[in-house]
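Chain naming follows the written order as A, B, C and D, and within any one chain the residues start at number 1.
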Amino acid sequence: MLDLAIFGQHLLNGVLIGCAYALIAIGLTMIFGVMNIANFAHGEFYMMGGFAAFYLVTLLKLNYFIALPLAVVLVVVLAVAIQQIVFKRLRDAPVMTTTLVTIGLSILLEHVALLLWGPQPQVIPNPFPTRPLSFFGIYTTPLYLFSMAVTAALIVVGHLLIQRTRMGKAMRATFQNREAAALVGVRIDRVYLYAFTFGAALAAAAGAVLGGFIPVEPTMGGVATLKAFVVVILGGMGSFVGAIAGGLLLGLAEALGAGYFSTGWKDAIGFFAVILLLLFRPEGLFKRA
Amino acid sequence: MQSRLSVAVIALAVAASAAAQETVKIGVVQPLTGPVAYDGNIYVNTVKMLVDDMNAKGGVLGKKIELVVEDGACNPAQSVNAAEKLVTRDKVVALLGAFCSTSSAAMMEVARKHKVPHLTAISTAAQLTEQNNPYFFRAVATTPMLGAAFGGELPAAVKGKRFAFLVINDDWGRSMVSSYPKPIEHAGGQIVGTEFFQSSDLQFLPYITKIKAANPDAIILAANTQHAVALSKQIRELGITKPLIGEGSWTSDSYLKLAGPAAEGVYGLVEYVYTIKNPINAAFVKMSREKLKDNPSKFAGAAHNAIHIMVDAIRRAGAADPEKIRAALTKTDYHGLVGNIRFNEKNQAYGQDVYLARVTHGVPEVVKTAKIAKP
Amino acid sequence: MLALADVTLYRGNTRVLDAVSLEVAEGELVALIGANGAGKTTVLRTVSGLLVPSAGTITFGGKPIHGAGSDAIVRMGIAHCPEERKIWPEMSVHEHLELGAFVRRNNAAELRQDIERVFETFPILKERRDQLAGTLSGGQQQMLAIGRALMSRPTLCMFDEPSLGLAPMMVEAIGEMIVRIRGQGTTVLLVEQNAALALRLADRAYVLETGRVTLSGRAKELAANPEVHRAYLGG
Amino acid sequence: MPDSKPHPIILGAVLAGLLIIPLVVRDEYYLHLFIVSAIFVVVALGLNLIVGYVGQLSLAHAAFFALGAYVSALLFFNLKWSMWIGMPAAAIVTAAVAFALGWVILRVRGHRFVIITVAFAEIMRLVATNWVDLTRGFMGLPGLQIPALYVPGIGAVDVSSKERFYYVVLAAALLSFYICYRLVRSSVGRAFVLVRENEVLAESLGISAFRTCMIAFVVGAALAGTAGALYGHYIGFVSPDLFNFSYITIMLIMVILGGKGTLIGPALGAVVFTFLPELLREASYYRMVIFASILVIATLFMPRGIIFPLVEHLVPRRWRKGHDRAA
């Protein structure tokens, strides 16, 4: 018998996590699309966003709602530095170089975080009441709803920025044909910088928002990167809309797969999908052929 | 005049340090990095604090004790490398540690090879003491021993029949799932669900939802701090109000602080909790609060047991000689933090107390004590 | 207006351009012809700042521009309508034109006006203004690429093989279009493999062979040159 | 970029140096590191075939290494097969798995290839942790032993001590080196480089890029599997930790910083980067930070690696006979 409340709960879990996956994956897919780099260090921005928010709230005693955007700002500053120091040099570098450098960077950031903040998992204190809310037997909390709303809002805002703004259009143009973009006067290094920091900002936002219920710790970035890669492949490498759809799909697939199939193998679902897609449908699931 | 005095002071200090070079070296392998680094660091800091205290009181065999600490990262290969280095290069006379059972399992082969006694007070995988390794000792109850001691008490303690497991997917979680059901069922309970989470998970909503569908009266968990915090919060957030019973860090200060209200009412099945009443513990708690600014956790308790049992053996051996220490260890009859500890023929500790503690107003209160029977 | 003096360019160990010198005067339509791989496209890419010459100078309006970024060069008034059109397949016609004016940071009214002007020149693009460029036909894509180039209000517009892969009728239309653009006061540098077309449209022409300028002169005279005739006009 | 042929005197000196290590190095800890180094020489040489010679970044290599360790361990526990059978069995199984995997993935290139190999490695890790009935999951398989070696005419020789096991792994390392050496100097080796440098050109010359990649991939995997079996038996314990991402990271560091596309480079890289993290133990907390920084900086600024150029620089040209021009 299918218990509807439980089924609903799985769906809700899937959407919540799916939004987070999407938010992290958007940046990864953009960096991939615009710079042609598979950034294995992307998840570290998610981790650093979480830590930044945690320390702003606990050490500086900042208001939670001020700390969240401020945390993103801090990570953006760092992302700009990383872009200028490292990623700038990766322009037109072979796949081997970019992959190795980003893997190295990921280890570096993880261990610097470990040195600075220790291995202890931290939960960002937040002003939301912890008492769960229930609708028809489906439980959630104000914080979950807030997180879902913020991630969804950021996804929409990100989408609008990419679709409507001058720089957003320049990014898409650069992705679709870099030389043509250069020939209308788009400064490619500027586009790289914007795409990279924008992606880092979204990942950091995910870390800051989710850090209220998924503890923040130095190793979380690596796991997030792998999931984000799965999402990017599902959605098609470089596709913004694909990353959103892919994120939700992976979140739901994992939630339902774990709920009705096997929790131990839930992570394998995505990786199998990745292999099959890259072999047979590299443009992702959502692109019209 | 003054300068001459300071020269004398320096000369004295040099002489003292020269004398101190004759030390008894004990090697420690714990995860200082990696997924369980937090708890590994607690262990290391506690051992360091206790050794400083012992040295202040004259050390052992008239020598200072010197700790050499290496990072094993909860990774078998790294732990092996660390142990090799400690034994062959630092010439330690005894090894403490490895946190994760897999690391201890790998490390004990090094101990056997080099004939150096190796004591763990944390790794609980049952098969560790089944390897016929005369150099390996375990000063902690295994999960099956805990299960045998307390499993039967659980239905009465939580006034329920239906139990579900939500445990980490490793030797610990799996041995819990294989050893607890029998005593529970014997006491009239039943198991209605079993879920294993991965150590890389910090988001448990699918597991919890699945457990919820089974509608248990209580959930039995195996998790250390980082998982325990996320688990208890997320379980409450999905509207499950049933009691939680955990092996692991469920009564440690770090957990209680991080989990906040979600920790209220949680039961911990532990080998040590800082609220037990005895003079050794009172002194230990006082020292920890002063030096480490924290109430000792279960891992601090393990550290206390480990270093005391080892130093006690060295003292009884009468020499800093690995073979003699090993022989002395087998004859351990140590009365300490959690009662009396001896080793059986497989070098497995027994006789100590274990506790069922319930978190009340943020403080773990002992609700039941049991003694580990000789296996 | 545009002058290349002894421009040399290496790619790896191969010399792609060998002391190329050429000039384009204001208001002229100059053609650059040559076989496949002669280096015609490389010349244009070097002028646009996509490539940096190893030696030699490029001046525009008397000022040296070699080494400047491609964005700065567009801003100076050089537009480059690239080989194979290089449209953005998943962006709309309208977006292409907007981005064509990327360097001008113009006000909205001016932008709208310019877009209307392109639409007047290419009415078919107006019909498809919201269509994705990838769905257009080859000729329409070429029109879009030209329209995009014109959006930066260039004083010099460079076309790279605009007739490539088009139906004969479309080739004629594009040729007319280029003449019209020149008629509106824009200087044109045209690269073509279709030498007959290029020599018919151009005032002057240069012949490029394996990275060197081998011939130059008035287009009519070159068209009459028997060597050129044999090599490039298929006669 | 094949290595130059070594001068016989150099070769002899190096071999002699390798042979006397257990006699000179009395510190067991260092001997332990030499043994692990030799095992990783086998791994790095294998990875180098696919990464260095055909130029595809495979992140599945650590999974093959772990697979080899598991195959040999499972044969040991379930069928009581000794390591001497387990090791070739591990090589055969990993080669077969690599062939099957290669059959589907060697048609893709670049990022797609990289990500598929990550996904494969992750799936293998999940299998090792979740197929508890076979692998005992996270509990791992402890108690592996190094069996005696039957030498015809002498009988059983105990090789389980470090001093003796060193010669076993040294033999494995030298044999792998020889196999790779013959391979890259054959027509297949020339095909490797051609495919790496210009696949279209290679195909136009009638060289199948797919087949060429497959050879490198399968031989590389077999070497990784062999090394995995040796490692498992030496450490005495096999667990899913072997699938950790840190292993592939260190293997890549060995190959890339050693000097990919050469033989000496990755081999020396394996030794250096087995010792370096251990020596950096003194720096305890900073170890991985230093390590990762080296990786980033070297990849960015030293595309030929560190060790091979150093060797080239230090060993005078006249000592190297028949120096090949870099491809």
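Quick note on the criterion: a contact is a pair of C-beta atoms (placed from the backbone, for glycine too) under 8 Å apart; a residue touches a chain by one contact, two chains touch by 3 or more.
All values derive from a computational prediction rather than experimental measurement.
Asker: Which chain wins if you rank chains by how close their C-alpha centre is to the centre of all protein C-alpha atoms?
Answerer: Smallest offset from the overall C-alpha mean is found for A.
Asker: Taking each chain's centre as the mean of its Cα atoms, which chain lies farthest from subunit B?
Answerer: Chain centre farthest from subunit B's centre: C.
Asker: In angstrom, rounded to a whole number, how far apart do the mean CA points of subunit C and subunit D lie?
Answerer: A distance of 53 Å separates the two centres.
Asker: Report the inter-centroid distance (CA atoms only) between subunit A and subunit B in whole Å.
Answerer: Subunit A and subunit B have C-alpha centres separated by 36 Å.
Asker: Distance between subunit A and subunit D based on Cα centroids, please, to the nearest Å.
Answerer: 34
Asker: What whole-Å value do you get for the distance between subunit A and subunit C if each is reduced to the mean of its CA atoms?
Answerer: 42
Asker: In subunit D, what residues contact two or more other chains?
Answerer: 129-130, 285, 288, in rising order.
Asker: Name the residues of subunit A that each touch 2 or more other chains.
Answerer: 111, 114, 264, 267
Asker: Spell out, as numbers or ranges, the residues of subunit B touching 2 or more other chains.
Answerer: In subunit B, residues 33, 169, 198 touch at least two other chains, as defined above.
Asker: Under the stated touch criterion, can you name all the chain pairs that qualify?
Answerer: Applying the touch criterion to every chain pair yields A-B, A-C, A-D, B-D.
Asker: Subunit D touches which residues of subunit A in the complex?
Answerer: 32, 36, 38, 86, 89-90, 95-97, 99-101, 103-105, 107-108, 110-112, 114-115, 222, 226, 229-230, 233, 237, 262, 264-265, 267-268, 271-272, 274-275, 278-279, 282
Asker: What residues of subunit A sit close enough to touch subunit B in their complex?
Answerer: 3, 6, 9-10, 13, 16-17, 111, 114, 118-123, 130, 132, 134, 139-141, 143-144, 213-215, 217, 219-220, 223, 254-255, 258-259, 263-264, 266-267
Asker: Across the complex, what residues on subunit B touch subunit A?
Answerer: Touch list, subunit B to subunit A: 33-38, 41, 169, 195-198, 200, 202-203, 205-207, 209-210, 212-213, 225-226, 229-230, 233-234, 236-239, 254, 258, 260-262.
Asker: Going by the contact rule at the top, pick out the subunit D residues touching subunit B in the complex.
Answerer: Residues 27-29, 32-33, 36, 129-130, 132, 137-140, 142-143, 235-237, 239, 241-242, 244, 246, 278, 281, 284-285, 287-288.
Asker: Per the contact definition, I'd like the list of subunit B residues that touch subunit D in the complex.
Answerer: 32-33, 70-71, 75-77, 80-82, 84-85, 87-89, 101-102, 105-106, 109, 114, 125, 127, 131, 169-171, 174, 198
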